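Each of the next two complexes has chain A plus one more chain, namely chain B in the first and chain C in the second.
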Partner chain A sequence: MKEKPATVFVVDDDDAVRTSLRLLLKSVGLPVETHASAQEFLDAFDPDRAGCLVLDIRMPGMSGLELQQKLNDLHAIIPIVFITGHGDVPMAVEAMQHGAVDFIQKPFRDQDLIDRINQALEKDRENRAGLRERDAIRRRMEELTPREREVLELVTQGKANKVIAGDLNVSQRTVEIHRARVMEKMGASSLAHLVRMVIEAERVN
Partner chain B sequence: MSTRSAELPLDFAVPSSTLVCVADGDAGVREGVRALLGTLGADVHGYATGGELLASLEVELPACVIADVSLPDMSGLELMAELRRRGIRVPTILLSSDAEVSGAVDAMRAGALDFIEKPYVDRALLNQVAPLLK
Partner chain C sequence: MTAASAPGRAELELKALLDAAVDAVIVIDHRGCIDTFNRSAERLFGWRATDVVGKNVAVLMPEPYRAEHDGYMGNYMRSRHARIIGIGREVVAQRRDGTVFPASLAVGEIKGSNPQRFVGFIHDITSRKAAVDALRRERDRAQSYLDLAEVMLLALDVDGRIALINRKGCEILGYNEAELLGRDWFELCLPERTRDHSRAGLVDVMAGTRDPLSHIEDTVVTRDGQSKLIAWRTSLLRDERGQVVGTLSSGEDVTERRDAEQRLRKSEALLRAAQEIAGLGNYEVRSPGGSTWSDQMYRIVGCDPAEGPVEPPEFVARVVHPDDAEHVNREWQRAITETGKLDLEYRIVRPDGTVRDVHAIAQVGTDADGETVVVTGTLHDITDRKRAEEEMRQSQEKLTHVARLSTMGEMATGLAHEINQPLTAIATYAQAASRLVNSAAGADPDDLRDALTQITNQALRAGEVIKRLRGFVKNRSMHTETLDLNHLVEDLRVLAEPDARVNDVRLTLDLAPSVPPVSADPVQIQQVLLNLVRNAIDATNEREGAVREVVVGTRVRPDAVEVYVMDRGAGISPKIVDNLYNPFFTTKAAGTGLGLAISRSIVRAHLGRLGHRDTPGGGTTFWFTLPPLRTA
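And now, the complex of A and B:
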C-alpha cells in the first residue's frame, strides 16, 4: 500500500506566520498546506491524509484548543504541535492533558520547529502503521466461522480445551481442531500472541 | 523473601484516601494548601523538602502529592522520577511560579496530573484534588 506523502498542515490566523512557515517547510522539502482558521482546517479535514498539524493555540473564533477537542471527538489521530506564546502555561497544560505531542514557544528557532515536526510526522507514521495492523487483524477475525469465533472467544478468556468442550457441548478433539484452525487463520504463533491480537482488534482509537 | 530497605517501604505503607502530601520550601504555600484542601476534608501534611516528603511515604501513601517545581533539595521532576523509581504510583501535581511553557510540557510528559502556576493555585487545585479523595 503506497501512501501519499505526509503533509504538514499549518493553522494560524496570522498571514505573516503562515507565509514564513510555508517557505520554511518548503525549503526543507516538506509538503505544506496552510489554513487561516481552525474552522477552515476542519472543513477540509480528511482523516486518511497522513501528516501532522502545526496549530496556533490562540486564535480568534475557534481556538487551537477547541480544534484539538473537535479532532479528539472525531477520534482523529493527527499529531498536533502547538505554537504558544510566553505565559500560555495553563493552555499548554490543558493541551497536553488532551494528547498534544509537542509545543513550541514563540519566538522559536526554525530548526527547533522542523525537529518537532519531523518527530510528529514519525509519530503519525507509527500511528497509521498501528491502525493498518489493527485493520488486518479485524479482517482475519471476520474470516473465522461462527463456531471458530466462539472458540476464539473462550480460548482468549483463558479456558482450557476441556472446559470449552463442555461449554459448547462438543468433543475435546473438535475443540482442538477449531482451535488449530483459529490459530492458523489468525496467523498467531502462540496463545499470548492471539490474545494480544484480540485486545488490539477491540481497541478504539 | 525480598530484602526490605528504607527505600522500599511499600510492604508497610498504608494507602490513605484522605491524605495529601505537599512539598514546598515556602511555609506560606504549605499553610495555604493545608487551609484550602482542608475544606475538602483532606488531611494535609506539609514538607519543606522533597527528601522529607519521600521519607514520609514509608509510613503512609497519600491520595495525592503536590510539589513545587523547584524544591530546596531537588526539582519537582526529580521528585517524580524518584517516586517512579520506587514504584510509587501517586497522582502528582506540580506548582510553579515560572511561566515557562517548556517546564509545563516537561512535567506533563513526565506524567504529572497537572501543572499549576502559583498565583492561580486555588481553584485549579480544588478541581484536581477533590476527585482523588474518597
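And now, the complex of A and C:
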C-alpha cells in the first residue's frame, strides 16, 4: 500500500463556510478537499486515502449523520469531526455514539478546529498504522508451511511442546524445530509477542 | 143655489154666510150633482157657481178620483155607511184650469132633506201640506243624520230605558233597533262590574248633581260578548216645562283608537328607548319653519330640551367641533343644493367640553306645498363604537404581533442557523487571513483579498437576515403599498428557507410568469406566508416518509392573485377541520393556535380570502387570494 499525504475533507453545503475552511486549512498547510454535499463526497470516496472528515451535521439531502452511517456501513475508518450549530447537541451526541472523533460548534476558534483536525489525523495515522501492522502479520503468516501453521495454532493455544508432539504424532524435537522457524518467520521476540500478533491478525478492520 | 125662485130671508142669510166663509163650501145631492157653490169655492176652483151648479161634483176632481167618486156615492147610498162622513180627509182637487192641489175635505150629511144632500167644506192645504212635508223631510233628514253619524246616539229615559238609538249604535252593539228600544240600557249593554256605578251616574246626572257634559269613557258589551270602549258625551233632555225626561248621549267607539294610541305610545316609548340605547337621535329641519328634535338628539348634543333645538347655522357654529365645522357646513350646503343626501362623520363638542364622534345621515326633500325644504335626518353617537373599533384594531395589531413573534420563535432554530453561517464564515476567514499574514511563507495577496471580500459579503448577509427579522417582528401599524406578490415570495425565501433547511425540507418556488400588483401590507402578508410555510413544514414532519418538499407558488385567478403553499405532509384530519381557523385551536405542543386565525383575519382585512384544499396524492395546500390593484 503506497503512502498518500493525509487530506482534510470538508463537507458543508454553505459556500462561504466551505471556502473559508479551505482557506483556513490552507493557511496552516493542510491539504484540503471540499465537497458541497454528502453525496458528492461519497461518490468521490476512496477508503485508501488518509485524512479526516470535517462534516456539517445539518445539510439538505443526505445529512452529516446519514453520511456517517453510510461510512460505518462501508467499514470506513476515516475519523470525523462534526461541525454543529447551536441547539444541535442531541445530534452531536448521537454522532459521538457512532464513533465521531469530536464535534465543534459554529462559529469556532480556528485553533480549536485545527486541534481537533490534528487529533483526527493522528487517529487516522494510528488506524492506518494498525492496518499496516496487521497486513504485515497476515503476509508473514501466509509464508508459513501448513505444518508450521498447525504448530503456531497449537502454540498460541498455550499447549506444551510435548502435547503438541502427541497431537501431531511427531517427535518433540520436530515440534521444537517448527516452533523456532515460526518464531523466526513471524519475527516474534517471545511467545507473548507471537500471541499478540495472532490476535491482531484475527481482528477485523 | 136655485136661480128660478126668489130667495127667502133665511136663504139670503145663508148665502151671505156661505159667501163669507173662508172655506169652499159645496153642497151636492144624492147623485153627486152640485147644488150650492159658494164664493170661496169659486175662488178656489176657478169656476163660476153658474158654471158648475147642476154638474157632477167629479168635475172638481182629477182622475182617478173622478171615476171613483160615483162608486163612493153609490156605496153610501146602498150601505148608509160613509167612509168620509164626519171625519174629513185629505183629497186632491182640480181647478178649472186643470191644475190640482191638496185639500182637506170635511163632509156632512144634511139630515132631513129630500132628496138627500151633502155639504162639503174644502180647504186648500197646499201651504200646510208643504210645511208638513218640509217637516217630514226635516225629520227624515235628521234621522238620516242620526244614522249617518259616525257616533252612537242614544237617548235614555229617566228609568234608563233606551228611547232612541241610531244605526251606528245598533251597529256597535250588534242589535237591531227593535231589540234595543225600551230595554234597560244598563242591564243589556253594560258589563256587570260597572253596571251599578253607571246607573248611579245616570241618577246623578238626572238629579243635576253631575255635569252631564263631562267626557267619560266606558266599556259596553256587545250582543256577542265583545267589550268595546265608548267615549260618551251626554246632555239632558227636557220637556217644554223644563222637566228632565232623559239623557241624550253621543258615544264614539274608541276601542281601536285607544288600542292604536296605546300601540303608538308603546312604540314611541320603544323608539325613545331604542334611540337612547343606540345613541341615535333624529330630527327634522323645515325651512321655513325650524327644527324638531327627538329626545335623544338633546342627549347626544348635551343640550337642555327646554331650550329647544339648535338651528343649523348655530349648530355648526356652536355644536360641531371647530376643526370639523367647515367640512360639515360644506357638506350640509351640498346636500341641500345638489345631492339631496347627507352622510358624514364628524365630532361635536358638548357644553361640558366632551368631544363625541357622530355619524349624520339625512335626506333633503320638499313638503307637500313644494315650497318648504324639509331635511329629515339621524344623528348617531358612534363614540363608543369608534373607541371599540380602535381598541379592537389595537388588540388585533398586538395579537398579530404576538403571532408574528410566535412564528419567529418556531423558526428560531433555522434563523439562528442562518445567522450563524455567515458568522462562522467571517470568523474562519478572519482567522485564516491572520494566519496567512503571520505565516513564515507570507500571505498570497489574492487569498487575503478574497478573505476580506468574503468577510464583507458575509457580514452583509447576516445583516440582511437581521434586518428582515427586525422588520418582521417590529410592532407596527398596518400600512399598505403596491406589491408584486412574486417578489414578496422571493424575498420571503430568506426567512423561510433556513427553517426548511433545518427540517430537511426542500423549499421550491413555483411562480406565475407575472402577477398583477396588489395593495397590501408586505409584513403582514409575509407573516401569513411564513405561517403557512411553517405549518407546511410541521405537516411534513408529521408524516413518516413524506416527500420532503414544500412548494410556494403564485397563480393568477380571474379576479384575484393567489399565493399557495403546498405540502405533501400529513393532511388535515376531518376531526379538526371545523376548528382549523378558530383562535387558540392548535394541534401543536407549543402552538398558540393563533397562526391560522390571525392569518385569515389579515387576509380578510386585505379584502382577500384564505382557505385550503387537499394536495393530490396527500398533504394540504393552503392558499390565500388578494384582489388585484385597480389601476384607475
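As a working rule, the second predicted complex is superposed on the first by the 203 of 205 C-alpha atoms of A that agree within 3 Å, B and C clash if a C-alpha of one lies under 4 Å from a C-alpha of the other, contacts with A are read in each partner's own complex, and residues count from 1 in each chain.
The definition used in the following text is that a contact is a pair of C-beta atoms (placed from the backbone, for glycine too) under 8 Å apart; a residue touches a chain by one contact, two chains touch by 3 or more.
Here the structure is a predicted model, which is why all the values come from computation and not from measurement.
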Simultaneous placement of chain C and chain B on chain A, clash or fit: fit
Contacts of A:V89 with chain B and chain C, given as first, second, both or neither: first
Chain A as apex of chain B and chain C, Cα-centre angle in degrees (nearest 10): 60
Larger contact residue set on chain A - chain B or chain C: C
First (chain B), second (chain C), both or neither touched by A:P107: second
Partner chain(s) touched by A:G166 [first = chain B, second = chain C, both, neither]: neither
Touching partner for A:V17 - first (chain B), second (chain C), both, neither: second
Partner chain(s) touched by A:Q97 [first = chain B, second = chain C, both, neither]: first
Minimal inter-chain CA distance - chain C and chain B, angstrom: 13
Shared chain A surface residues [contacts with chain B and with chain C]: 86-87
Chain A contact footprint on chain B (complex, rising order): 96, 99-102, 104-105, 108-109, 114-117, 120, 124
Residue ranges of chain A in contact with chain C within the complex: 14, 16-17, 19-21, 23-24, 26-28, 58, 60, 63, 85-87, 106-110
Touching residues (chain side chain C, partner chain A) in the complex: 413, 416-417, 420-429, 431-433, 435-436, 439, 447, 450-451, 454, 457-458, 461, 501-502, 504, 506
Chain B-facing residues of chain A, complex: 84, 86-90, 92-93, 96-97, 102-103, 105
